[in-house]
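To start, the structure under review is shown below, and the notes come after it.
Chain IDs A, B and C follow the sequence of writing; residue 1 opens each chain.
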Amino acid sequence: MNKGLLRYFGKTVARMLLLLVAVSMISFFLVNNAPMNAVDAFLGEAKVTDEQRALIEERWGLNKPPLERYLIWGNNVLHGDMGESLYYHQPVSKVLKEKFLSSIVLMGTAWILSGLIGFVLGVLSGVYRGTWIDRIIKTFSLVLASTPVFWIGLLMLVVFAVELQWFPLGLAAPIGKSVNDVTLSERIHHLVLPALTLSITGIANIILHTRQKLIDVMESDYVLFAKARGENLKQLVTRHGLRNIALPAITLQFAYFSELFGGSVLAENVFSYPGLGSSAVLAGLHADAPLLLGIALFSALFVFVGNLTANIIYGIIDPQIREGGGING
Amino acid sequence: MAEAKFQKVETGGMNRRRKVLLIIAAGVLALAVISIWGACMDPAKYAPNYEARRLMPSLSHLFGTDHQGRDMFFRTICGLSTSIQIGLLSAVISSLVALFLGSLSAVFGGRVDTAVGFMVDLCMGVPHLILLMLISIAMGGGAAGVITGVAVTHWPNLTRVIRAEVLQVRSAQYVQIARKLGMSKWHIAAKHIVPHVFPQYLVGLILLFPHAILHEAAITFLGYGLPLDTPAVGVILAESMKHLATGMWWLAFFPGIALLLVTQLFDIVGDYLKILIDPHSARQ
Amino acid sequence: MEKEILLEVRHLSIGFESYNAKVEKVIFNAISDLSLTVHKGEIVAIVGSSGSGKSLLAHAVMNILPDNARTGGTMFYKGELLTPERMNRLRGHEIAFIPQSVAFLDPLMQVGEQVVGTLGEKARALQQKAFEHFGLKQSVAKLYPFQLSGGMARRVLLSTSYVAETEMIIADEPTPGLDLKIAIEALKDFRLLADQGKGVILITHDIDLALHVADKIAIFYDGRVVETADTQTFRGDGQGLKHPYSRALFHALPQNGFNLQRCPKCGATCATWNVDEKGMRCGCGNS
């Protein structure tokens, strides 16, 4: 690795870490400003005296100024302690880990599906611009782009779970089965609908971007020249088109981590899929501040990893970054 | 002489500009009718009617009725109206933030530009839905929470557009000349910059609506947005989920289609407005 | 003895469709009624001011105009009608095009690879010869376009036609950015190719350069060729030139004293006059 590349990576990482800190601060203050009272939520129906309440507040550090509380919380987080989930009565880090493992299967499947299908359809649409294929794909994407994810989920449920009964109504496994007994095929059976729903969220965006990018490339001077040198459509697309849209496509695919996470919250709720998204909603509705904060931070980290990966891949693939601007010869 | 080289082409039929204007007008009219109709609707129209529960769609109940016998058509129209109003309000707030930050960033540059850039990255650094949930919780839920949440999460893209536009006019030759001629900053801003940026702002604003509406519906669907007794599309769809297993598909189908149509209408109005403003984009 | 005609362009017109501010479809006529003949063994220079649309002629012949372009007129290659379909088969194999800037190179492909293109193994050997010929190190083959200087990029572009070994070459401004020695070398190459019986169209804004190598000079103005003259007529006193615009151009050459014809009435130089196929007039109404 050369110096320029190292500096590029260093700058990217530093900037993103700074962002992560800022995000954690904002989330912390938003959650702690909420009118919901974590102590009430913790105590539930239990009757306590004011002194006991004050004791709990002190133990949680609720009587300290916000900045100090943030620093204590931040310090704990850095040491791997994200507090205790009030809803699950388990350490937040444990809940996050468990739920994320379930979510990543869903998000990963949807990510790969939408990336592949979106890219292929986008390329097809761009290559055959103006033909009926393009028109169908374009209309499909434009409509899809303004369709609510959760509604698509509901339609999927109606058609494939209720009417056709091909797939179960929800959850990640059959009800009443212990985790160890669930077979792989049962898991897949439960995964299909949520994964399809979630992949549809991102697909429109990927198609439209890929299409536009490919059209731009195919109208570029260098493709004109390649055409003038006798390359046919197939050669133009494979030699120049795909090469030049690969980078933006990869960036888009990783930048889409953010939308993917948001979409998974909706998809998991429609299908009662027990992942991070369902937990986020439950945490909010049950005033589970530590868990909510943990999930917010985790989602930011997730987006962060996506962007970082995109930047690293960019640095490795793009010769203009990789080789620097040296002129010799 | 260059003008002489331009020839008009007879396209026959309706003048294209008039056609574009007509489509925009029709779109705006449809949206206005829905929002006014919904806002002025007598709640009795979609009040529970236990004589007519769980009815399939028919001529007397276009979208069918739910488990309480509420007419889903009127309830949906009312919900769309709520969605449009909330979308309108939050999109306008968001666009004003974008206008302010984008211009600030372009005019002052340097550190201000970096700071605005950081804010954009910050806003994009958390999934919007999570940020919306946090804001909604911090605000104690309800309409105020939704409007604030949607407004706070939707400005980054338009900010970038406005920043680029302002930078572009500022460096344009005619503005440079005006400055050299000693025209005041206000004069330049009013005469050159605003007329150039405003159309882009308007298109950006209109294209924000569908996003705002979809996010409002999503957050309400999750239970963080509008209260359950409001006839909002998010509430309607969340309720429908409980009754899907009993085969009442129409509860989810029609309100969703209606929401989709409304967002499409906004998209169409925005896209055609873009053609008016930038005729070159008319060529696919 | 009359040589065989290689390429003939008859009454070519090129217009671009777009939409004006009123969203009406309009056509911008960039080239109207352009005719040109290239014989075997001939270099025809098309001379006109920068940005006057000369490049479009090359793009029209190569059939690489954008989608919104509308063309009229006919073209013949080796006596047969040159349809777009036929051109698509011929380009790169019988007719080579040398574009004018580095933007015509794929930014993400090594230039050596680009020079070889899809022409196969034979071209790979020729690419090394071409680089040697134009004074490029072999290591340049591994560079990306953004790493090239202007002159290097130009030589890479020249190499693409060297490799293609075509019957005809259309070169769009091939020399700017090259140092004089290489520029002359490149022009000598064109001469050599022409002497081997190939046809060359040299599009340039530099009439002096055209005079050095071309057999015929076509004076391009405002979308049409106002006159095609043998290079000989530009020597001596220039009286052989028929069109007043060509004559004005001739008198403006440094070796002819840099004389700019002026309007006897208002004194405006001929650079601002209106030109059409019949002659040129000053805008003030005096002829």
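Points to keep in mind about this one:
Definition applied: a residue touches a chain if its C-beta (ideal position, glycine included) is under 8 Å from a C-beta of that chain, and two chains touch if they have at least 3 such contacts.
Quick caveat, the model's predicted, so the values are computed rather than measured.
Under the stated contact rule, the graph of chain-to-chain touches is complete, every pair of chains being in contact.
A count of contacting C-beta pairs for A-B and for B-C identifies A-B as the more extensively joined pair.
For chain B, the chain whose average C-alpha position is most distant is C. Rounded to a whole number, the gap between the C-alpha centres of chain B and chain C is 51 angstrom.
Distance between chain centres (mean CA atoms), chain A to chain B: 23 Å.
Counting partner chains per residue, chain A shows two or more touched chains at residues 130. Taken together, the chain B residues at the contact with chain A in this complex read 118, 121-122, 124-130, 133-135, 137-138, 140, 210, 214, 217-218, 221-224, 237, 240-241, 244-245, 247, 249, 252-253, 256, 259-260, 263-264, 267, 284.
Of all residues in chain A, only 130, 219-231, 235, 239-240, 243-244, 247, 318-320, 323, 325-329 touch chain C in the complex they form.
Residues of chain C touching chain B in their complex: 15, 17-30, 68, 222-223, 274. For chain A in complex with chain B, the residues that touch the partner chain are 15, 18-20, 22-23, 26-27, 30-31, 33-36, 129-130, 142-143, 146-151, 154-155, 157-158, 162-163, 169, 258-259, 261-263, 265-266, 269-270, 280-281, 284-285, 292, 295-296, 299-300, 302-304. Residues 1, 5-9, 11, 15-17, 20, 275-276, 279-280, 282-283 of chain B are the ones that touch chain C when the two sit in their complex.
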